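Letters A, B, C and D name the chains as they come in the text, with residue numbers starting at 1 for each one.
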C-alpha cells in the first residue's frame, strides 16, 4: 500500500482509498489551507520582538515557527487569525489588522 | 498425531486460544461465555501463554481493548454472548470499518426481553450487518477448528470475525474432540505481520478518521469488497486446514443431499439433531437431506442457492426472530438467493429454539413431513412458520 | 412416518440432583470414564438461573459412533437420582425406556421406593450413597457412589476398566492426599457391591 | 531539569496546523502543550474520544499528528488506549518494538466526565501505563454547547438554557479530578494555560513519565461556547485561576499540592463577566447567582487548601 494523502481527494475512486481509511504518514493536515478562514490577520513586527517565545505555546494552530532561538514570521497557510498571540505579546510585536484577500 | 480428548465447547475455544497464544485478550464475563476468559486466566496464572489479559469493566471496553491492540499490531481475541455483544454493538461497526482483525468467540445466547440465558442466535444475527465475518459451529470440534481458522481468515481479509457456537448446548456440553498439537497450531497461524500498525518504527499510523461525505461511501464500498473477497480466503484457509487435520470445511455442509427431494437449511448445533432425523428417514426410504450453513458472513449466495436447488422443497430454519413479519434473517437471505434461479424449490421458514427451547429429532420429523406435503400438493402454504411454540389454534 | 425417540445405539442417562450436590460433576465424570473406555460421549447439564439447592438435571449420551443429536433426553435408558427428596417434587421416572432403570440414592429398599412410584413399572435400584460416603470418606459426597452404581447397573462401560480408570483419575486429582484416593476407591467398590435391584 | 520555554519551543511540533478546530480553540493549545512535554526521542500513540478535537484533527485523509493516532468512538478512548498499551507491553517483551512509546488519550468533558467515565475509571483502576488528558471546555461543544456534568452552575447551555423560570444550569460542576484521584493512581493534576506554560508543561511531563495511570484535567476555554472574544484566551485562563474557579494542583502518590496560589484571590465576577454564558447573572435581581457562585467557589477552595496542607 503506497497511497499518500496528497494523492487522495474528492475525486478518488473507492479502489484508491487507503484500507480502513487509515493514514500511514505523519502530519498530512499541513496540506490543508486553513489560512483562508482568516478575517483578521496578525502581523509580525520583527523589530519589536524580543524572542521571549510567549506567543508560541498559545497558538492553537502551530503557526508560529521557531528556528535557532528565533521566532519567525507567521505560517499564514495555517494561521486562522484568532488573535491570541496579539494579546499575549508583552512587547506589542504583533499587530492585528483586517485581512485583505 | 491428533490428540483425542473430551471437553466442553468453551474449554475447546480456550484451548484454541492457548495454542494460538495471542498477544492481547480483553474480556468481560457473561453467561454462557464466561468460562472462556476463566480458563484463559488460568493459563495466564500458570505462565502457559504470553498474552496480556486485560480484565476490563465491560464488554464495551473489551471490544475497545481489542481494537486498540489490533491497531497497535497485536493479535487480539475476546469472547462474549448476548447482552455483551449488544453492548459492543457500536464498536463492531467501528472495528470492521477500520479493518481491524479481531477474533471473537461468540457463545450464542438470547438477547434480553425478557432476560434469558439460554441459546438462540438473536445476538449474532442482530449483528449481521456490522461488517464482521461470521462462522457457526455444530459441535465443540467445529468451534475449535473454526477459531483456529478464524485467526488467519480475519488477518488475511483485514476484517474481524465472530466464531459462534450454541450457548450451553455445545459451550457447556462435554464431548469428544480431536485437538491439534500446539506446535502445529502455532505453525498454522504463524506470526501476525500487518503492513502498518500504531507501534511501527518506520512510520506512524492514524486510525479512525472523520469520514466526510465525499469519502464515506467509497470507504464503505471498499469494505463491501473486502467481504466479497473473503470468500476465496475462507476456502483457501479451509484447504490448508484440511491438509493439516484431514477435516474438511466449506461455506456449508451438504448432508445426504444427493437425490434428496426435500431438505432443510440450519445453523449450529441443531444441525446434528436434524442429521439424526435424516438418517432415520433415509432408513425408512425417504429422500431427505440437510444443509448446515457454516459461513453466514459473507453469505455464500450462489453456491447455497445451487445446493438448495437440488430439492423440491426446503425449510429454512431461523433460531432468531427479526420481527420483519416476513421471516427470520437466514430465511430472507437464503430465499432471496433463490430468486434468480429458474428451477427453484419452495422455501418456507421455521422459527425455532428461541431462548433455549429444545428442538428434537421428532420436531425435524414433523418439518420433513410438512415439506413432503408442500411437495405433494405443489403449494407452500404460509411460508413464515414457528415450530416448538404452544399455539392455542393447534390444541 | 413412524417417530423414533432416541439416537440409534446410544445409552442415554438422565441425572437428577440439587444444585451444589455434585450431580453435574458425576455426569461429567461418567462422560470422562466412558471417553476413556473409547466411547463417544456427551455430558451436558440443563442450565437455568438455578442456585444451590434447586433441582437440576444433567444428561449423558454414550455411543460407539459420534453422537449427533443435540437435544435434551426425553426417553432415557437410565435415570440417576442423587437426592431422594426430589421424588416428591420432580417426575423422575418420566420417559424411562422399557428395559431401563431408576437408580436412586436411598436408605430404603427398592420395594419401598416402588410404593412411592405407583405409576412406574420398570426396574428400581437403590444404594445408600450417603452411608457409603460417610463410612469411606467421612463426609457426604454422594456423587462417587452414585456414579459407580450407574456404571454397575447400566453396563455402559466395562466395570474392571472403570475401576482402573477411576483409580488413576483419583491418583491424579488427589496426588497430595493419597488417603482420599483410598476412601474414594472404597466408596466406588462398596457402592457396586451394595446396589440393590428390584 | 528546570523548565525553559525557549528550549521547549524548539522541539519538533507534534500537533501541526491545518486542522479544523475553530480559530482560538483551547483544545489545540492543550494538545500542543501536553505533547510538547514528550522527550523528542520518544514516540507516542495518541488516542482520542470523539469530540471537536477528533473530527477536526483527523478528517480523512488529513491527520494533524506527527505521532500515531487512534480514534474508535466517543466513550472508550481510555479502553482503546488500554488495548494499545497492552499490545505494546507484549510486543516489546517479544522484541518486536525497537522504540519507546508513550500513550496519551485526549477527551473532552463529554467523553471524560460523562459518557466515557466508566471506561476511564476502568483504565485508571487497571493501572495501564498511560495518561488520560481531559480538555475540559465545560459543555458538549461538538454537538452545539449542550450542558455536561462539567458545566458550572448558572451557565447558559443549549440543554440548560436560561429562561423565565430557569437560571441556566441548576447543578454545580462535578469534581472529576477528585474522582479520578480516588482511584489512587500515582499522578493526577489540574492545569490550564497561564504564564509561560510552566505549570502545564511540568504536569504533562510528570504525567507522561510517571509509571502507571495518570490523569490531567486541562481547562480549555471554548470562545464559541463561553461567548468571549477568541483573542482573550490567556486572560480568561488567568482569571479562572486567580478567582480560584479552577485551582491548579496535583496529587502525587496521594499527596496533594497546590501548584499556584493567587497573590490576591479575585472575586468570581471578574471571571464570569468576561463570558456571555454568564451574562444573565449580572441582570438586576440575579445577584444571588453571583453570591451563590462565590460561596461555592470559596467552600471548594477551602476544602482544597485543607487537602493540600
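The definition used in the following text is that a residue touches a chain if its C-beta (ideal position, glycine included) is under 8 Å from a C-beta of that chain, and two chains touch if they have at least 3 such contacts.
No experiment lies behind these values; they were computed from the predicted model shown.
Undergrad: Counting only C-alpha atoms to place each centre, which chain is farthest from chain C?
TA: Result for max centroid distance from chain C is chain A.
Undergrad: Where are there more C-beta contacts: A-D or A-B?
TA: Output for the comparison: A-D.
Undergrad: Averaging only over C-alpha atoms, locate the centres of chain A and chain D and give their separation in whole Å.
TA: About 23 Å, centre to centre.
Undergrad: Any idea how many Å lie between the Cα centroids of chain A and chain C?
TA: 78
Undergrad: I'd like the Å distance between the centres of chain A and chain B, where a centre is the mean of that chain's Cα atoms.
TA: Computed value for the inter-centroid distance: 50 Å.
Undergrad: Rounded to a whole Å, what is the gap between the Cα centroids of chain C and chain D?
TA: 64
Undergrad: Name the residues of chain B that each touch 2 or more other chains.
TA: Where chain B meets two or more other chains at a single residue, that happens at 98, 200, 204-209, 211, 215, 219.
Undergrad: Show the residues in chain C shared as contacts by 2 or more other chains, in ascending order.
TA: none
Undergrad: Listing for chain A: what residues touch at least two other chains?
TA: Those would be 21, 23, 26.
Undergrad: For the complex, which residues does chain A have touching chain D?
TA: Listed in rising order, the residues of chain A that touch chain D are 5, 8, 18, 21, 23, 26-34, 37-38, 51-54, 56-63, 66, 69, 75, 77-84, 86-88, 96.
Undergrad: Which chain B residues qualify as touching chain A in the complex?
TA: 97-100, 158, 195-196, 200, 203-209, 211, 214-215, 217-219, 221-222, 225
Undergrad: Residues of chain D touching chain A in their complex?
TA: For this pair, the touching residues of chain D are 5-6, 8-10, 13, 15-29, 32-33, 36, 57-67, 193, 196-197, 223, 229-235.
Undergrad: Touching residues of chain B toward chain C in the complex: what are they?
TA: 6, 32, 117-118, 138, 166, 168-170, 172-176, 269-270, 272-273, 275-276, 279-281, 284, 286, 356, 358-362, 365, 368-369
Undergrad: Note which residues of chain A are touching chain B in the complex, please.
TA: Chain A residues touching chain B: 1, 10, 12-17, 19-26.
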